[in-house]
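Below: one structure in structure tokens.
Chain IDs A, B and C follow the sequence of writing; residue 1 opens each chain.
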Amino acid sequence: MKQPMLRMLGVSSAISLLAVTAVHAEDPVDLTIVSWGGAYTESQVRAYHDPYTAVKDHITIINDDGSANALAGLRSQSMAGNVTWDLVDMLPSDAQLACDEGIIMPIDADEMLAPAPDGTPASEDFLPGSLGECFIPQIVYSTVVTYNTEMFPANNQPGSIDDFFNTEDFPGRRAIQDRPAGNLEWALFADGVAPDDIYDVLATPEGVDRAFAKLDTIKDNLVFWTEGAQSPQLLADQEVAFSTGYNGRIFNAAQVEGQPFEIIWDGQIVEWDGWVIPYGPNQEEVLEYVYWATDTQRLADQAKYISYGPARASSAPLVSEHADLGIDMRPHMPTNPQNYETPIVLDNDFWTDYGDELRERFSNWMLRG
Amino acid sequence: MTQSDGTHSGSDAGHMVNGQMVTVDGTPLKASLKRAERKRTLIAFLLVAPLLTYLLISFIFPIGQMMWRSVDNPQVVTTLPKTLEALDDWDGEGLPDEPVFEALAEELAIASANRTVGQLAVRLNYEISAARGALMRTSRSVEDFEPPYKEDFLDAHRLWNDPAFYRIIKREGNPLTASYYIAAFDGTYNEDGEVVLQDENRRIYIDLFIRTFAMSLGITLITLLLGFPISFLMASLPMRHANLLMIFVLLPFWTSLLVRTTSWIVLLQQQGVINELLIALGFIGDDGRLGMIYNMTGTIIAMTHILLPFMVLPLYSVMKTIPPSYVRAAKSLGATPWTAFWRVYVPQTLPGIGAGAVLVFIISIGYYITPALVGGQSGQMISNLIAHHMQTSLNWGLAAALGSVLLISVLILYWVYNRLVGADSLKLG
Amino acid sequence: MENENPGEVFVAFDRVQKSYDGEELVVKDLNLAISKGEFLTMLGPSGSGKTTCLMMLAGFETATYGDILLDGQAINNIPPHKRGIGMVFQNYALFPHMTIGENLSFPLEVRGMDKSEREAKVMNALAMVQMEAFAGRRPAQLSGGQQQRVALARALVFEPELVLMDEPLGALDKNLREHMQYEIKHLHEKLGITVVYVTHDQTEALTMSDRIAVFDDGRIQQLASPADLYERPENAFVAQFIGENNRMQGEVESIEGDFAQVRLDDGSMVKALKVCVSEVGDKTTLSLRPERALVVKGDAQYANMFDATVKELIYLGDHIRSRVSVCGRDDFIMKVPNSSDHHSMRVGQSVRIGWSEHDCRALDAT
């Protein structure tokens, strides 16, 4: 808490100086906001940052594409006692870890976040289960299976997770991410487990064996990706026929770049993504920004630039057309009822508990190629 | 001595005083020499001081810290001291008694308030799955627990019913731990607390170490096979042509990694230039496209490309110093060109081969970016897992243990090399 | 060639030319016959083509034109390792990774000789150069002179009939070099081998050779025995290159039989042996060895007698090297024997000097 104190002193002495000349101006502030880069950061810049700094001209926002390693970054910054990040975009599971370690700020939703336009408090307006102890959700994104329509005859296009696991009728290589989360769920789902039962089954050793046995059936056709940008690339190069991937990136490749991709919404894996607030140097300004950037209109605005669903119930009706393409964004939202028939909601508690063990086994399984 | 004094007579260069050599002004010669030497030592030290400081800060200290982190284990000891004391009286069979739970309740409440329980939970989760869930869930409600605490704990999470959990807490209640190293060698503790190998389907690291070493060896051999002829050519060509060739060899140094990676992808992928060419020439059918990227082949191709200069430069610099008269002498003595090359030329390039091989091998062992980009799964090396534990799983203890194992094996290899070939024969150019 | 060759011809260069770049000849129309058992030295300044000739003979360079014959056989297309020619290199080229014994054993090994025979021959060859004790050492552990002996032994161990030596003593200090010169000469005499020796050191050439081929500008300027070469140089280059000489430029005034009257640049007339001049009016360089110019004592008479002024005296023990001014030049050198009357000479003193018309040679103008 030393630093804000010093800053306060600095600010007050600056003000007393300015008082002499009787000019009122706020100290310029740089906010470092960490996010995922690429199309995602772009959507935040256009929906949040630009409109905000247009009003608040003493604020400058610096974008840092460090979200992929956000937890490691937060840990080392707080360990070194030099927190330079003001606001960080991260996944709820990592947010929970950081929160438990006390390196990010706990959130009092109704205090710190704007209510819905109709007065519903924030804690009720955000979708159920999305707010965390230290986590403010912005979007719902999903991991989906996508295929390149040119790799299959027009009369035999795949349409379900079952088809993804059916190499006989739908030949070709498949790309999946090089970690167990998502892949094991799909394996069980394709093996006939109902979405609601998946994590109960996966918590038993037999369930894990069953999931790996199912993955074994397509192993010879598998390619693995690590970074989100790889999956549309692999599909576009026709290196693979199917790839799992983030629906926003697939949307961009298909709609903006015109790639022949089709999303299979069956068994989409749904997760939140949102803000956490480290104990950075500009807390007052950050809280002000967060209050504004997570209100109903702002969350709906982000959906103009990327096909991720807003995390507030009150934002859903405001989702409209893509800002540049002019197409209706609603059919492309993971939360669109037509897409949301058989979702699997990612269970972060499960993955924090069993993640280490399953990651080891998954790595072993991959490396045994 | 008297004899030598005699030669100095007439000059005051040296005297004997009480059996000791002294200088002109009577200071003992030894002390005077020491003073002169001390100044030299000091200057020498000042000259290297900036580098020494730099190395200390950027190299030695971080390595020391890494090795320390691989055994450092403060979480349980600092968070649960009373619980550990209470667990001393527990025989390890069945569930512990009430005093343990009383201490646990007290210390978890404190840890929860301090927000230190998270680190404890993460640490214990490395040892047993679901430990994180158990500790986090319990710590949120521990304020409301009432004596006797045992029942509240058993209700709070299923893991509290497992004696193994308490054995792990007790075992890890030591400021130093071997468990990261045990994990780095695919080991684990069994029910009786003995170290055994992991279940077969969870073993990764030993295989990966072996694969890393095998791939590095392969890359070293390929760079040698490719680098030897080109170095030989460069060493025998006139300077102007040799420089041009050298530029081609050094090209990978001057190209950014992204450009290189992109070009490999363009060349090597299934729809890539090489596959199309092979199909056009009729060597392979359209269904027989070769997988040359996103697998081990991709890693080997790319790393060979990058590391070739590290083989060529020492080879070239050694070959440049071998006069042509040796091979001529061998031929004049009746050796065929091959015998002259193999028995006379090659042995003299050994210092270069040694230096190049050691460089390439050691760099390959630690390589990380290229395999990550073009290696797919089968082309991953141990460094990629270290990076994974540093950045994704955030198990820094395990990452440090794996890194230390890698460091130590490189040192052992270097020692073996030194015994076999001799480090003084290394020629780096 | 005016010298008749004793014995049969063993090595022959027949109209050999060599060019590296297709534009310039480094060896121009070389004809040379070397007899069996001869010690022939190729002497010349660097770049004169002598080493190129040796390398062509060894097989490391190919002749651009012409034939090289060994024992009557053209060897142009035989690779070096099949020529069976021993060679000693400038820097010895002892294989540093092998012991002395292994170095010597190498040529026998590649000839498929069995081990016991090899060992006997190696020890024999080492004994020849008094290096038996060093068989187990590495080349780097030997001194330069020792390495030189080993290189010699290695070139001889497989009993070649022809041994080539490329400035083998160049890296040794003066004393050692002189010692090795005799040693090589004795080995040559003892073994009866043919030696082709390359050097730029005229003393070395004079000491060791049966015949010397003086190279310059890609040609043999003169091929003769050491004595002939010194006494009777055939052109100005040879005269200057071998030993010391006083050179005086002039023009032929008249010719009488074997002699020519030459007018020097300052007008004085000198009678000299007619070597390279044929007509009156030819430009010429007169060559006179310093030891053949004498201080005229008493009433001694010479064909050429001039008044000279002593400019400088250097005491060299056996003789006094005197620089005098004569015939309009300041750099005329005389070697005055250190006889009891030497102290009669003083700097600045005038002396009368003279020389025989047989000792002064009228060579080509340079």
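For this structure, a couple of remarks:
Please note the rule applied: a contact is a pair of C-beta atoms (placed from the backbone, for glycine too) under 8 Å apart; a residue touches a chain by one contact, two chains touch by 3 or more.
Keep in mind it's a predicted model, so treat the numbers as computed, not measured.
With centres computed from Cα atoms alone, the innermost chain of the structure is B.
Averaging C-alpha coordinates per chain and comparing to chain B, the farthest chain turns out to be C. Chain B and chain C have Cα centroids lying 64 Å from one another.
If you average the Cα atoms of chain A and of chain C, the two centres end up 90 Å apart. Computed from the mean C-alpha positions, the centre of chain A lies at a distance of 34 Å from the centre of chain B.
Chain C makes touch with chain B in their complex at residues 58-60, 79-87, 89-91, 93, 95-97, 106-107, 110-111, 154-155, 158, 164.
Across the complex, chain B is touched by residues 68-69, 71-72, 75, 97, 99-102, 178-179, 212, 223-224, 226, 237-239, 349, 352-357, 359-361, 363-369 of chain A.
Taken together, the chain B residues at the contact with chain C in this complex read 323, 325-326, 328-337, 339-340, 343-344, 347-348, 350.
On the side of chain B, the complex with chain A involves touching residues 114-119, 121-122, 125-126, 129-133, 136, 198, 201-204, 207-208, 211, 265, 269-271, 294, 372, 376-378, 380, 385, 390-395.
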